[in-house]
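Reading through the structure tokens given below for one structure.
Chain nomenclature is as follows: A, B, C, D, E, F, G and H, assigned in order of appearance, with residue numbering initiated at 1 for each chain independently.
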Amino acid sequence: MDKRDIERLLESVRAGKVTVGRAVEQLRHMPFEDLGFAKIDHHRGLRQGFAEVVYAKGKTSQQVVAIVRGMLRGETSHNILITRGDATVFRAVRKLNRNAKFHPLSGAISIRRNRENFGKGAILVVAAGTSDIPVAEEAAVTAEIMGNPVETVYDVGVAGLHRLLHHREKIAAARVIVCAAGMEGALPSVVAGLVSVPVIAVPTSVGYGASFGGLAALLAMLNSCASGVTVVNIDNGFGAGFAASAINKL
Amino acid sequence: MDKRDIERLLESVRAGKVTVGRAVEQLRHMPFEDLGFAKIDHHRGLRQGFAEVVYAKGKTSQQVVAIVRGMLRGETSHNILITRGDATVFRAVRKLNRNAKFHPLSGAISIRRNRENFGKGAILVVAAGTSDIPVAEEAAVTAEIMGNPVETVYDVGVAGLHRLLHHREKIAAARVIVCAAGMEGALPSVVAGLVSVPVIAVPTSVGYGASFGGLAALLAMLNSCASGVTVVNIDNGFGAGFAASAINKL
Amino acid sequence: MDKRDIERLLESVRAGKVTVGRAVEQLRHMPFEDLGFAKIDHHRGLRQGFAEVVYAKGKTSQQVVAIVRGMLRGETSHNILITRGDATVFRAVRKLNRNAKFHPLSGAISIRRNRENFGKGAILVVAAGTSDIPVAEEAAVTAEIMGNPVETVYDVGVAGLHRLLHHREKIAAARVIVCAAGMEGALPSVVAGLVSVPVIAVPTSVGYGASFGGLAALLAMLNSCASGVTVVNIDNGFGAGFAASAINKL
Amino acid sequence: MDKRDIERLLESVRAGKVTVGRAVEQLRHMPFEDLGFAKIDHHRGLRQGFAEVVYAKGKTSQQVVAIVRGMLRGETSHNILITRGDATVFRAVRKLNRNAKFHPLSGAISIRRNRENFGKGAILVVAAGTSDIPVAEEAAVTAEIMGNPVETVYDVGVAGLHRLLHHREKIAAARVIVCAAGMEGALPSVVAGLVSVPVIAVPTSVGYGASFGGLAALLAMLNSCASGVTVVNIDNGFGAGFAASAINKL
Amino acid sequence: MDKRDIERLLESVRAGKVTVGRAVEQLRHMPFEDLGFAKIDHHRGLRQGFAEVVYAKGKTSQQVVAIVRGMLRGETSHNILITRGDATVFRAVRKLNRNAKFHPLSGAISIRRNRENFGKGAILVVAAGTSDIPVAEEAAVTAEIMGNPVETVYDVGVAGLHRLLHHREKIAAARVIVCAAGMEGALPSVVAGLVSVPVIAVPTSVGYGASFGGLAALLAMLNSCASGVTVVNIDNGFGAGFAASAINKL
Amino acid sequence: MDKRDIERLLESVRAGKVTVGRAVEQLRHMPFEDLGFAKIDHHRGLRQGFAEVVYAKGKTSQQVVAIVRGMLRGETSHNILITRGDATVFRAVRKLNRNAKFHPLSGAISIRRNRENFGKGAILVVAAGTSDIPVAEEAAVTAEIMGNPVETVYDVGVAGLHRLLHHREKIAAARVIVCAAGMEGALPSVVAGLVSVPVIAVPTSVGYGASFGGLAALLAMLNSCASGVTVVNIDNGFGAGFAASAINKL
Amino acid sequence: MDKRDIERLLESVRAGKVTVGRAVEQLRHMPFEDLGFAKIDHHRGLRQGFAEVVYAKGKTSQQVVAIVRGMLRGETSHNILITRGDATVFRAVRKLNRNAKFHPLSGAISIRRNRENFGKGAILVVAAGTSDIPVAEEAAVTAEIMGNPVETVYDVGVAGLHRLLHHREKIAAARVIVCAAGMEGALPSVVAGLVSVPVIAVPTSVGYGASFGGLAALLAMLNSCASGVTVVNIDNGFGAGFAASAINKL
Amino acid sequence: MDKRDIERLLESVRAGKVTVGRAVEQLRHMPFEDLGFAKIDHHRGLRQGFAEVVYAKGKTSQQVVAIVRGMLRGETSHNILITRGDATVFRAVRKLNRNAKFHPLSGAISIRRNRENFGKGAILVVAAGTSDIPVAEEAAVTAEIMGNPVETVYDVGVAGLHRLLHHREKIAAARVIVCAAGMEGALPSVVAGLVSVPVIAVPTSVGYGASFGGLAALLAMLNSCASGVTVVNIDNGFGAGFAASAINKL
């Protein structure tokens, strides 16, 4: 039951074809989403103007293909993002759409159908070490497919400050910064100390021993002495890119 | 050595009073901050246009008073925020400035000297339970003193959805949302599902037993199934308010 | 806006006093709880037929008194339960109502105004050691005030099976069992092995060292080799009593 | 020594064939289970009226087959449930009984020989995301094989409330609810806020990074702000289904 | 119902005064402990030949006094041990019995009424540092009151091997060794490497920071590379002394 | 330098062939083990009268064979135990000695050359569930090869007390008990409540979810409310069997 | 038995007053420390040339005074260090020695009697925030009393790099660096990236929430991406100062 | 912009070809590393005089070969170290340089081109058990390739002190000691008690059950009761060797 159905019901009430009691009963049971008029439909919101997302991990190629086929049939102007896929998934998806692009480090697959820019500025994705690049790439691909210009600065760990400071201009130019780091996870603190824009920190599971699968980096980022840092889950490049995009669209 | 000193040095070089070799030597040792031209001075950045912050916990009233007196003497148009203070600190601060205001739940003390609005929209601070209000208040006071209009919605835990949904209009109107919750920390997921603006989740240490001092809420928020949620440290209302302000100023 | 308001609106539509477009707009904004027709009002549900609950910890005596006064003024046939109170709170509450009863081990305060029995059978509360009795008492008081007959069996730890088995008749007679234990938390497994009714396990923080505040008992209960055991938070006697009551009312 | 043996012994005493001293000695050593008259025989209890259960993980197909063959030979009216099996186990079991049914997501194998309904109402199994369905399926299959009508509602995570609320009628109709969720594990709190019947929460290991194998969801559920929620082990669909069945039979 | 009752019942059966059916019914309900003939009565076992124990923590002086008074009235040849008491409890207990002895470091109070030696050899209690002595003392007092000769060697941490090796003769002479250590908990490994008798390791909560309340020592002891080491809970001197006594009585 | 060397040196001193100063110097550097006269040679102690042990995990078959060949060449009356081996290791070892015996559940391989009984009584190994048998078997094989009579009681979890109590005679007859249990690890508490002999608890990694690889069982055992329980590392059947043997030889 | 005793024994052997057999026996039992000729006496080593240390926490003023009095009576040229003391302890110690100096932030008390410089270069102590200064001070006082020149640089957290880089000259001049930081513990990584000398990282318990008492900083430091960083326990300023001193004396 | 560029700029200023304002502007933007004159270039520092390092894990053979080829082309007098490689990587590297040497236990590959000794003394690497040798080897190879004489002492666990003390001479002769141990991680405490030189402790992941992947050893080492011990990450042989080398070069 959508807005149109409610109108029809009310018109029936007005025309005396439906009693008030019966109309109350129908309204009482109308599905919630129709009341909300799309406001609380997260997925619809997700779709508006940018992209639809499929999390491929734990799904078969066939399942991903079926979902993507449905998406391609639907809104033709939407971008499509598949996260945590692999070469097999990519080959299957590419048969559906020649423009599908594979990002092998992160396993992301993107289909860009709408090249409009929805962001107000540039999103900068910074990665501490080369091993953090898959997570950074996921953030970058996500932000791009959602219609943001994205810059990247990789391999600028805090143990070699000059490498980071070499990119000061890029850093200063960003409207939102995503900062991925494993091991001790110190990079977001240093980066946030250089800027006044929001910094989204992504701990990665890069490391061994007492990194405990990214826990060390996660705790470090949550305890950042630099104000303005917020944190997402370990290895959650998608979440960071999504949040950065949400900020950049404001 | 500031910009003026560099000019003087260069003029001496030009005038032939200082050799090139000696000038190279001097430049090599010039303090970094002078080079950066304030760009990397986090504190100066913090001050620009909004507020100066003192973390009172672990400082004596005298120490806080000394710092605030210095601030009051400095830039006269800046707002001042003291976090984690108490009534004693407040009484001492109030002798310095009649406008000092105490926020007893969070222990925050604010001195508003500049009522300019730096934010582009409203920041909404949502708290799940009444016990989460101190943390929410810290976020609200921080965002306000940094020049943002702030709205609050309290006691809207997920076990009584109607209470939350009652405030849908306020929620829909916000440009940035701060969401504080203890116990199972589920509120940010639900709130982020209702909006497309950034949601900053603040886990609180409210709870007992297996809440492990807020760990349960923290983990829940990091694992939020709703996109667009980023997280700060347990009970870090200040950090959430600061990050929300940084976003709202974009 | 309640059911009556909707009827009025619809009648205005029918009478042509309100246009369909305007009615749609009004319906779109009608508060959620009115739609739900009380079904999703947890608090109202809580009140129906048994009791209203105040969690006193972190509230002043004055605050508790204010809340209880409101409750006493409201539905006169409801029982009232205050959890985690103390003697001071009790003295204040007792001035409001002579029938207030203090349960000093758990800090619970109950005002029984309705002695109707809402449960279908007896709830048995079992405690492993004497130190677990405060938590067990909270469960027992909660179940009672919600209108259930409650039996208790205390000090029947698994290291002395004969003490437990001595109460086999009581155990066999229960319709729902709440089982509180600290330290190694083994009692629910043994009890659940003796019966086929639901057993709600409450880990307590009783213990020291590697009990880690009740974590050892909690993990043990979650890993129970006996089927039919479900678990609540550490020291959450209220939650166990409430869930037992919900089951017993089926 | 069963009840019959005791009678025989007592008759010998009565007849003077056995001395009192010798009878005391024999009684003293009689196996405990004979005394309990099945009351404390968990397995017999398990069997009464519903099903026998085999946990296949860590057992070879041959071992499972041997156990099932024994069960098939025994009580012919009992249902049989094998949990955590796979296609190989299924093929082997199916040779024993044509009616064996494989539930591939959870790996459960069921042999329904008794279609009697032992439950008093319907058990509803709710799953937050599609990845939680295997655990939910295990709960559903368990509840069914124990003689309960089971309804399922899947993919109703809290980030899209409308999807959950769309099923309000089903939710309201349930006598017991099992609620499986991974990641932030918030669904049971929301569901329990909508109903007054018992809700059994099953955390799943769905998630990555700071989900720590389901720990995040487990802690969230234990800290639920909604009363009436009890929790079982991570991924323990069987335990949830069993407990729900125990409640539904009351 | 004790052995005597069973005899009486059987005699009634023999005499034809009680039917077999009725006797079966009575036997079925006879309390378990009567069947077990004290074998499973842990407390009675505890009492046989050595001591009765009161855990004073969380009990008032009055409660402890009441329990001890009962013990003093009972078996007059039993030793009495109160653990985790304090000077106040001691003064109260001493009024009951002039021989009560206070062990101030551990808070143990002992009343020795039976000086018989139940152990087969000497128990040696070793403590790594002076801060570990309270726990060691609790073990020593427990072992003594249970009738064992006890030797102690304190302040022999592994960072000064010569101090430990200085006591080699005492170490070699022990029949059972209790070894208390905090911080890195390495002492039991070194001691067990020097002997072939059983070593009971007691981690203590001595330390700070990453000792996490004794967790570091506990884990170290559980991972001991020396065979023959078994471990009790953090700070559980009583448990170690008790287990050592159980071994020494073999 | 052994005892003989010291005698020779002293005789040279006596004969005036070596000066006192030079002898002091030599003595100062003499290897420690010669001083200790085997007392602190753990390995030699291990060998005396029972067995030599090889931990096969992480070693190649060749390495194990080489070590065992050396052992077989050495003391011909010693038993040999290889823990955590597999069928491949066994086949290789069996070529060295026809009497080698494989214990497939635990991977232990034993070569019994000395059938003397060194223990004073029987060691009983109890396992809660069938999945705990590999660990229990390792304990049993270890205790046997060290010259102890060993009894086993398997599948007697606490959720079916009658199964455990059925074996009361065996339990009562043991001089030392090893008790292996995974999941909630409650069995040692119940067993220790039935006896007064030492109980060595072995947590196993049996379980899933919140068992956290045996942590739940470990914590439960450390917090046992039954006195006389000591604990070894998770899955450390060898350690438990070794400690039991050390006790049984006293 | 010291070196002199051995000489005497050997001379008796030489003189024929003691038989070889008897001498062997005596040597066999001679205390270990006499063999080691002080080499393994850690405490004596500690004293040589620098200082004697008392850990005051958990000791009464009287106990500390008694120990210090003994030290003052002994080697008159040794420095004395008391860690974790307070004003009361200081007043008591100062009565013994007028030169006692109190370091109130760390609670350290030092008595400098020997001003010789044992270090080869300067030790630099760096602290991230003002709250880390107590720990840093303990390190500095320790290093000083052990005879090292010490420099300090405080309040140079990574969120304001210019503050740290302002002190580049001091940093470059140090031979060993101690680096104390709480919260995210990132400072040692940045500092170690600037130098090639050893950096000893001290995590502090400064922070709240997810700092978990310094765990976040500890893990960060252990996972430092900068080579050359080693770590001590949380808040262990003494250990860091001691290790730095050991390095600086090489 | 390097030193030469600055000189050129200053000469242009002197010659009047460039205005002061323009020169200020250029200086302001000059890359940071040029200012620092290599002081903060960690990598350059790393290279000076010893070695370049590649962490092979997570890199393909091709990637490692490409990096090493570049290194071989660069500074011809530098040693090259590849950590965490394997036989495949080694074969590929060996084609580039005949002198490449494989250390199979640790997976390290070293190319020694410069045999100069940069260390002041010998570095001793001690390993507790044979399973700790891979980590110890990584430390030894690292220290060697950086130009230090390295000694090793393996299989000297604390449960057999005589084995460790047998090597007292070697231990006493070392200038820096690296000490690798898994399980209870006690070795560094014992070793540090024997010497006054710095001891770098490396916890290894050797162990099972409650070793939690090396956590037990890590915590033990951080809590060492022996002064002078500092710690690196679990299994971080490289870090320990690097830090030892940094100390040995002082």
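Here is the rule we go by: a residue touches a chain if its C-beta (ideal position, glycine included) is under 8 Å from a C-beta of that chain, and two chains touch if they have at least 3 such contacts.
Everything numeric here is computed off the predicted structure, so don't read it as measured data.
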Co-neighbours of chain G and chain C - touch as defined: A, B, E, F
Residue-number overlap at the chain C/chain D interface, same or different (half cut): same
Remotest chain, chain F as reference, centres from CA atoms: B
Identity of the chain that, by mean CA position, is farthest from chain A: E
Rounded Å distance between chain B and chain C, as computed from the means of their C-alpha atoms: 39
Centre distance in Å when chain D and chain G are each reduced to the mean of their C-alpha atoms: 59
Approximate Å spacing (C-alpha centroids) for the pair chain E, chain F: 25
Euclidean distance of C-alpha centroids - chain A vs chain F, Å: 55
Touching two or more other chains - residues of chain C: 40, 42, 159-161, 168, 192-194, 209-211, 215, 218, 222-223, 226-227, 233-234
Pairwise chain contacts under the document criterion: A-B, A-C, A-D, A-G, A-H, B-C, B-D, B-G, B-H, C-D, C-E, C-F, D-E, D-F, E-F, E-G, E-H, F-G, F-H, G-H
Chain F residues within the chain C interface of the complex: 128-129, 157-161, 183-186, 189-190, 192-194, 207, 209-212, 215-217, 219-227
Residue ranges of chain H touching chain B (in the complex, touch as defined): 3, 6-7, 10-11, 13-14, 16, 20-21, 23-24, 27-28, 35, 37
Of all residues in chain H, those that touch chain G in their complex: 36, 39-40, 42, 45-46, 48, 53, 120-121, 168, 172, 175-176, 192-194, 196-198, 200, 218, 222-223, 226-234, 238-240, 242-243, 246-248, 250
Parts of chain H lying in touch with chain A, wherever the complex brings them together: 29, 31-33, 36, 40-43, 58, 203, 205, 213-215, 218, 233-236
Complex contact set, residues of chain F against chain D: 131, 159-163, 165-166, 168-169, 208-211
